[in-house]
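Each of the next two complexes has chain A plus one more chain, namely chain B in the first and chain C in the second.
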Partner chain A sequence: MSNFSILKERLMQETKVKISEAVGEDLMIVQAMNTIDELNKVLNSLSKRLREWHAYTLPELNHDVEDNEAYCRLISTKSYDELKDEFGKNTMGGKLSDEDIEIQIDIAKNITETFKMKDKLVLYVETLMKRIAPNISILAGSSIGARLIVNAGSIKRLAMMPASTIQMLGAEKALFRHLKTGARPPKHGFIINHPYVAAAGNSKGKVARILADKLSQCAKIDFFKGDIVADKMRKELDEKFKKE
Partner chain B sequence: MSNFSILKERLMQETKVKISEAVGEDLMIVQAMNTIDELNKVLNSLSKRLREWHAYTLPELNHDVEDNEAYCRLISTKSYDELKDEFGKNTMGGKLSDEDIEIQIDIAKNITETFKMKDKLVLYVETLMKRIAPNISILAGSSIGARLIVNAGSIKRLAMMPASTIQMLGAEKALFRHLKTGARPPKHGFIINHPYVAAAGNSKGKVARILADKLSQCAKIDFFKGDIVADKMRKELDEKFKKE
Partner chain C sequence: MEEMKKFPNVFEEKKGRNIFYFIRTNDKKSFFEERVISKKGELFREVDPERSKLFASIAKGISQLGIKQDSKVLYLGASHGYTVSFLADVVCNGEIYALDFAPRVVRDLVFLCEDKKNVAPILDDANHPENYKDVVPKVDVVFMDIAQREQTKIFLKNCDMYLKEGGFGILALKARSIDVTRNPKDIFRITRSQLDVVMNVVDYRELAPFEQDHAVFVCKRKSSEPIDFLNIPSIVVDQKKNFLPRKEFSKPSFRKRH
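Up next, the complex of A and B:
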């Protein structure tokens, strides 16, 4: 009995170690990317709220500045009178009390801070990507690369995927529509945003296939901690796609 | 022609003044309450994200601390080792790098700041409510009072409503279900949260009717800038509902 309980204790210990080892760096990327997506939604909805509110007093600013980050930064850094001088000298907006303006500035500051938070996360993902998937980062860029890893679930699963699956990652909806209704199959998923594919004109499908093929090699090399080969690949592809 | 253009100019001027005067303080309450609702959603979703992420390294903290604000404050103020000592000495959580922990702390700080922002907005609404709707604030509390104004659209529209409408504000869905399908009519909307109604046991409907009647009087008095009568009302109702 005593032997048995020692065995049990040991096994428990070992399981705990294994669970704790299973937390890999690619999981961090998955979490960070999900948080970035959430932040994008949050920033959008909060900026809209501030715009609606602030437009009571200075609708011209809302109209002239389309970028949310710039809009919030303006409100949080310049005084109301400065903004009025700059954007709407004869504004129709109502006069608000100092209290109202103050709380709007507070909200704008909070949103600006959250924008900075998002930038930090993007940088963090970049650093991680360079470390755990250097080849993918070089060839696809850290943002598209991270999307691929998130969609696959982990770098291991991405490494096990055939190139054609990598080509379609992010286009699941169109792919299943194709399988179900016989509509035209998608030619590319996330990699549509890659400069090669975006610039390819009518041969997007072909370029996407070649790129996915190379990315699949990169994923395998990165997963098995191989050398850096992506810069050479990138040079070759640069040549190839320039000629066409 | 010159006379005509002068007239046009004058009319434009006058319209601008009227538009700018139409921005009343109750509009500020509407905006602030909408922003508070948005912030509640935001805080919820961001906290969930952080919980999911942080649970990789210290699942015990996620389990033990249910309140989102407390959870984020703990992560943003205590070091990882302190948290580990306090919540999970033999944690199964994986070991994260300093970088990972740092970004989690940043997110926790950001969420904590956003919680503070929300508290500021709640205070702001309270101040406004005391100024533009002192009687409603005394009788219903600033939070329920603000909800009533937001739902009515403005203090003017709330003042014009019959008591029975005020009683139902916030229960529109149940009311229309009643009208459409003949289901039982709702007895109360937002005022269900009022201490009188909440404590009323089986006579919730009756208490809600009496309260809505008094609130309707308060709304009229507040809109026409009358005296403070709500403290007397409150005393009467306190007596009345205690007896039952």
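Up next, the complex of A and C:
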């Protein structure tokens, strides 16, 4: 064996070890969140399709029930005659054969199953967040916190970010428009969904800045496995924002 | 199909307006779903210049790359290994040290290395060349394709440690990752002046139709003396200018395109 092939063998082993060590728990959050996003897309388009299809025979149900999940559950659990009694006694829908309705019920069952799967994933992300990033999930809530981790790439990268970057996460388009053309800068990214920022009225930028500051502290504490301090922060912020 | 004079193992075929590029190989396997054809008992893999900056520069007519059949190459920013898989065929008697930072892409690279005998994977940060100094020897060619803000500096650091005297350094520059707000032409000009201080820039091509706002620089190392980083002028970002509406973007340019 030549020098190079000996060296290569050593490098192969080293890289394989490094790759296996790089798998962390925050990657699970990233994958789970992405799965939730994709499920949302699929659920939306599938339930729209089912609505179009089922409305041939019972348009009143489509009109009365707006929530997709409730709509699919109704179709999958109740029989066609029951639904007809409940929603459209003199319906304008056409008559379909039993075969047609059966396949619609099958689709509705599948969609409700997928809705359950999504709820399961949301719970999974919540428990993961509580374990990996307890401070962030107390201060920001698990869904916003997970969204921040996904956008940063990993909890390590989130911890290395300055507070101003965390404030802008999710507003990249507006930020680069500002840098390129000199348009007005964005004030908040994902943290707009946080109750503090949403309720802030005219001072959204100020609240977003303070919240991002605290969040960046939390991210650093979580990454280096520190104590839980977010309760205290949350109380401070509550008092601060009540006065305004 | 003809072999290109300046580049070993690279073949070009003209069909009407289109030019196709092929690399001579000895393995039937198609790694990235590319076309593999055989002619007169030899096998050829088709390379797509839109996916590889190295071969885009060849398609744009770069005068030389300094890559020979027995070259040792340090490849920084190997990613999934698209270019590496072709480069491994080009330097059929040489060695390639393929480095990348992200574990996800090196996973694909390891599978490639199992098939290509002359490629060795390294998972490390190109910003710290001292990390892999005990595995990488002095090389003939340093190729770098990483989209980083300080990529010129990282490139020179690696050339300083690993490039032989008279060896070639190839830098694929992404202007948008250095500064989005500036005109790419300015960035290419400044980068060229930075490289010229410590190395000889032999040739340079913009990759316009294949890759927007990218350029490839080919430089030759002058001497084996360590590079003095203090002499290199820096790309200064004017912070005040950044917050004004920039007129130069709306101005049409009347310079000839080539």
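Here is the rule we use: the second predicted complex is superposed on the first by the 229 of 244 C-alpha atoms of A that agree within 3 Å, B and C clash if a C-alpha of one lies under 4 Å from a C-alpha of the other, contacts with A are read in each partner's own complex, and residues count from 1 in each chain.
Assume a residue touches a chain if its C-beta (ideal position, glycine included) is under 8 Å from a C-beta of that chain, and two chains touch if they have at least 3 such contacts.
Keep in mind that what you see is a predicted model, and the values were worked out from it rather than measured.
A.B. asks: Thinking of the overlay built on chain A, is A:239 touched by chain B (first), by chain C (second), by both, or by neither?
C.D. replies: Touch status of A:239: no partner.
A.B. asks: For A:117 in the superposed arrangement: first (chain B), second (chain C), both or neither?
C.D. replies: Only chain B is touched by A:117; chain C is not.
A.B. asks: Please tell me which partner, chain B or chain C, touches more residues of chain A.
C.D. replies: Touching more of chain A: B.
A.B. asks: Who does A:81 touch here: chain B (first), chain C (second), both, or neither?
C.D. replies: The answer is neither, since A:81 touches no partner chain.
A.B. asks: Going by the contact rule set out at the top, does A:98 touch chain B (first), chain C (second), both, or neither?
C.D. replies: In the superposed model, A:98 contacts neither chain B nor chain C.
A.B. asks: Classify the contacts of A:66 with the two partner chains as first (chain B alone), second (chain C alone), both, or neither.
C.D. replies: Neither chain B nor chain C is touched by A:66.
A.B. asks: May I ask you to decide whether A:32 touches chain B, chain C, both, or neither, giving the answer as first, second, both or neither?
C.D. replies: Only chain B; A:32 stays clear of chain C.
A.B. asks: Per the contact definition in the header, classify A:22: touching chain B only (first), chain C only (second), both, or neither.
C.D. replies: A:22 sits against chain B and chain C alike.
A.B. asks: Quick one: classify A:227 as touching chain B (first), chain C (second), both or neither.
C.D. replies: Neither chain B nor chain C is touched by A:227.
A.B. asks: Given the touch rule stated above, what does A:180 touch, chain B (first), chain C (second), both, or neither?
C.D. replies: Touch status of A:180: second partner only.
A.B. asks: Hey, what residues of chain A end up touching chain B and chain C alike?
C.D. replies: In chain A, positions 16, 19, 22-23 sit in both the chain B and chain C interfaces.
A.B. asks: Name, in rising order, each residue of chain C that touches chain A in their complex.
C.D. replies: 95, 103, 106-107, 110, 113-114, 117-123, 135, 180-181, 242-246, 249
A.B. asks: Quick one: in the complex, what on chain B touches chain A?
C.D. replies: Residues of chain B touching chain A: 16, 19-23, 25, 27-28, 31-32, 34-35, 38-39, 41-42, 45-46, 49-50, 52-53, 56-57, 90-97, 99-100, 103, 106-107, 110, 113-114, 117, 120-121, 124, 127-128.
A.B. asks: Give every residue of chain A touching chain C within the complex, in rising order.
C.D. replies: For this pair, the touching residues of chain A are 4-5, 7-8, 10-12, 14-16, 18-19, 22-23, 176, 179-182.
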